[in-house]
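Have a look at the structure below before the remarks.
In this document, chain identifiers A, B, C and D correspond to the written order of the chains, with residue numbering beginning at 1 in each.
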């Protein structure tokens, strides 16, 4: 990842920049792990605080913890901005906005009571976890999945578009057939039902009551059950292609023309010819050496 | 796509034909996009008008909009028919019928009050969106998916047929076992339940109540959960084959005319002729060398 | 399919045997299609008769139809047995038992009132449809699917076995955690719930109510959502292998050793050598002919 | 499997060790099958005993059976420990703990009434079934599935991690939007709902009631319906690779010791040495021919 923010050139700012924005030194790695731990803890507090019974008993402690995290994250954001040459550019970036949003609600609650409920936004900070994955050698896996997703992107868009059309048409159909008493009171609600059915979620909060409505639902279920094969098939094919390409070179043997050599192959497995045409086969060099002696 | 309708040969009718039925000129592309936008807007009005609370507040505006769209679409259909040599053939085609159905309800509502509720049919016009996809380079993706679907068609039919048999047999079984009070009042309802269960939708509007009924349901669930592998596997295999076949060249053998050679083929696999017409077959060269010596 | 029943050698019996048990003559094909149509109609009558409102109105007609079908199927079974050398062996075969079971309930209802409700068994006769599929060129598709299923059989058994263990352990867990009031009154019911959850059916007739129970359910759902990949992956791989093997031969070119020739290839696509070592390359024969002249 | 526990060297202890811990002799196989049968029977008793109506009628018989099984399993554990050199190491292993836990509840019930309800733990003993699978030639299948799972492990972890993030974010969103009356009383409950929805289980015990909540649910359902393609695609690709790699030979190159050559390889792809030690490298033969001329 190239860093979109230039470091300031003072000594301290430079050091801080390396610790906060990079992850190749020991200090930087420790900073990343401590930060992620704090983020996960702060999210956990928001979670636990939302349970009425726990809020009643430990509400005070949670309030203090929340302020603690807010102060820490405010300090972190200040340092982040301090060590950058162009702090405004960071504030306008995705992570900058998330950083700001995750401390704002607590500060706002001093002015407007109740603003604290927006703290839920802090959950988004957990996205920073993807940064830590880099430390854990998950990069290769992620890159392959992203590559397969990028390649199947258009096909899956086309699939989702067809799904949307099916949902619209079936939603309209059921809206005409079923009485409003069954829950199909408007077309958007009928479409909500159609999505619940086609994706095989099946809450059962709205269900068809007439025989014709049940017949149409049944058709839709079998359709939804079958077409899941489309994105799965497309994505499978792309993952297989990615794995294959990662492994096999596309160059042919200069000796016999055999293709499909593994990337780490040095000699053709069919005729034993040296594959790299730009360099000399070490065996021939050895023989030449032997002959010249 | 070849156009099934011949254009009329007058100047104006020819120009209109090119704008309305083709999509290779700038004017034609603009026409397509404007039309799709109007269709989507008209569908949106039908949707929003179906919500009771919005109908109560904006019903009058929606009524006017509906008439506006109806007049526009009537004009469009008139122009479409005007610039064709055989307008009746268009009216009998799928899109012709959909065009007609999407304006008829509003006109009919002048005679029969309430006919307007059929306007939902206008949703089908959204299928015209597939035309616009052509503008957006989705053709290749669509063709590959359609090809894979066509190839797996028979296997998936066989699968659906087996699913239907399973549903019938399990539906009959549960109808014999469960009491009518549980909701299994007739065989068609038992089959509806079987489809809800096998496709893993699981509304829960009809559920088995006896231990034996629950045991049979459990078997059916595990069956439904496992056999989803069949269409997925079949379709995956076909997508992989389609991707694989992109490497087939479209050139015919100069010797026997055989087509469908793999891109890396050097000799025709049917008659052994050297495929690359620009260079000489190395075997002939060898023979020539041998002869000249 | 080899016929397990020997035909009797009288002229009439032989002719009847060919019509009823084979499907290669015109008369035999017509017999098959008429029989399947009658079977589907008789199943349809059983279905429609099970709907209370329709039974009340058309019960008499359905009763007559039922007797009509029973008489026809009895006659058919009699002719079947008549034209066989060993009729008892047929009666003991799967189709023989199904044939008998599908007429017995109506006859029994003369002695025991109510036996007619067993007519549902007639649904099994629909399995004869698989016979007609043979007429419709679905054999190849069916064979490939069956081959892929046979190959993945052991792996899918292992998967189902693991699923059963997961269900047992999670069922036992939730039985210990959840109170009986939530519906987890016995271990078999807890296992029923576990199957409903793992297969993502989710009726909602029994749902966990305690936080710990909901946490365990959530884990189970994510597990069930992920492991569906196992049978799908296994089956996909086998279908791909079947398609590949149907297409590519495993023999190497005698000229250059290149492998992966399509089954219909006559010459190596890499070096142009005649692939079939047992016969002579027609080109060489032509040349030889030319030389000898 | 290498045995982690050394057998004691007395004659009887050695014989018992071979019967109990190995499975290559007839006696050992019989022991395994008898043990598994007893385990499954004891689990069945726990199951059946948990049904209130059956407990009321046969509670006494079940009580006796439970004690019978407990005594048998206690005896078995004693013999197991007797024939080992280091019995404590076995008691600390996974199977040792499970063995102990499966007899403890019954013994404890003598001291503490009600401890028997923990007998459910006995279910875990069923895991020993995996041992019997070894007798049934399921090893190859299991190894291939395990290999494919190991290879896709990191990719599926990454997928599960992304799923967790999606669930957290959607859970937080719906918690802010929906009123507590709809059942979204706390953030953990909202996350439980999010898991029920994303995995397409769809109990319907908590469902969104506001239009915005239903819209967000609909998005989540379509997301959950589509991303199931990811683990399926990844696993499919790995199974295909495993099947593919069955064609790798296990012999090392006589030149450089490199392993993992494809079965059809003739030369080592690392050092170009002729792999088949029984015949001569055709290149050397050619050279030899050239030299002799």
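Everything below uses one rule, namely that a contact is a pair of C-beta atoms (placed from the backbone, for glycine too) under 8 Å apart; a residue touches a chain by one contact, two chains touch by 3 or more.
A quick map from chain label to UniProt name: A, B, C, D = Ion transporter.
Please read all numbers here as calculations on a predicted model, not as lab measurements.
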Residue numbers at the subunit A-subunit D contact, same meaning over half shared and different meaning under half, come out as different
Comparing A-C with B-D, the busier interface by C-beta pairs is A-C
Averaged over CA atoms, how far is the centre of subunit A from the centre of subunit D? Could you give it in whole Å? 28
Chain centre separation (subunit A, subunit C; CA means) in Å: 41
Sequence positions of subunit B contacting 2 or more other chains: 159, 188, 191, 200-204, 224, 228, 232, 234, 236-237, 240, 264, 266
The subunit D residues in contact with subunit A across the complex are 154-155, 157-159, 161, 165, 168-169, 172, 175-176, 185-188, 191, 197, 200-204, 207, 211, 214-215, 217-218, 221-222, 224-226, 228-230, 232-234, 236-238, 240-241, 261-262, 264-274, 281, 283
Residues of subunit C that touch subunit A when the two form their complex: 200-204, 232, 236, 256-258, 270-271
Which residues of subunit C touch subunit B once you look at their complex with the stated criterion? 43, 46-47, 50-52, 117-118, 120-121, 123-124, 126-127, 129, 133, 138, 141-142, 144-145, 148, 156, 159-160, 163, 188-189, 191-192, 195-196, 198-205, 224, 228, 231-232, 234-240, 242-243, 261-262, 264-274, 281, 283
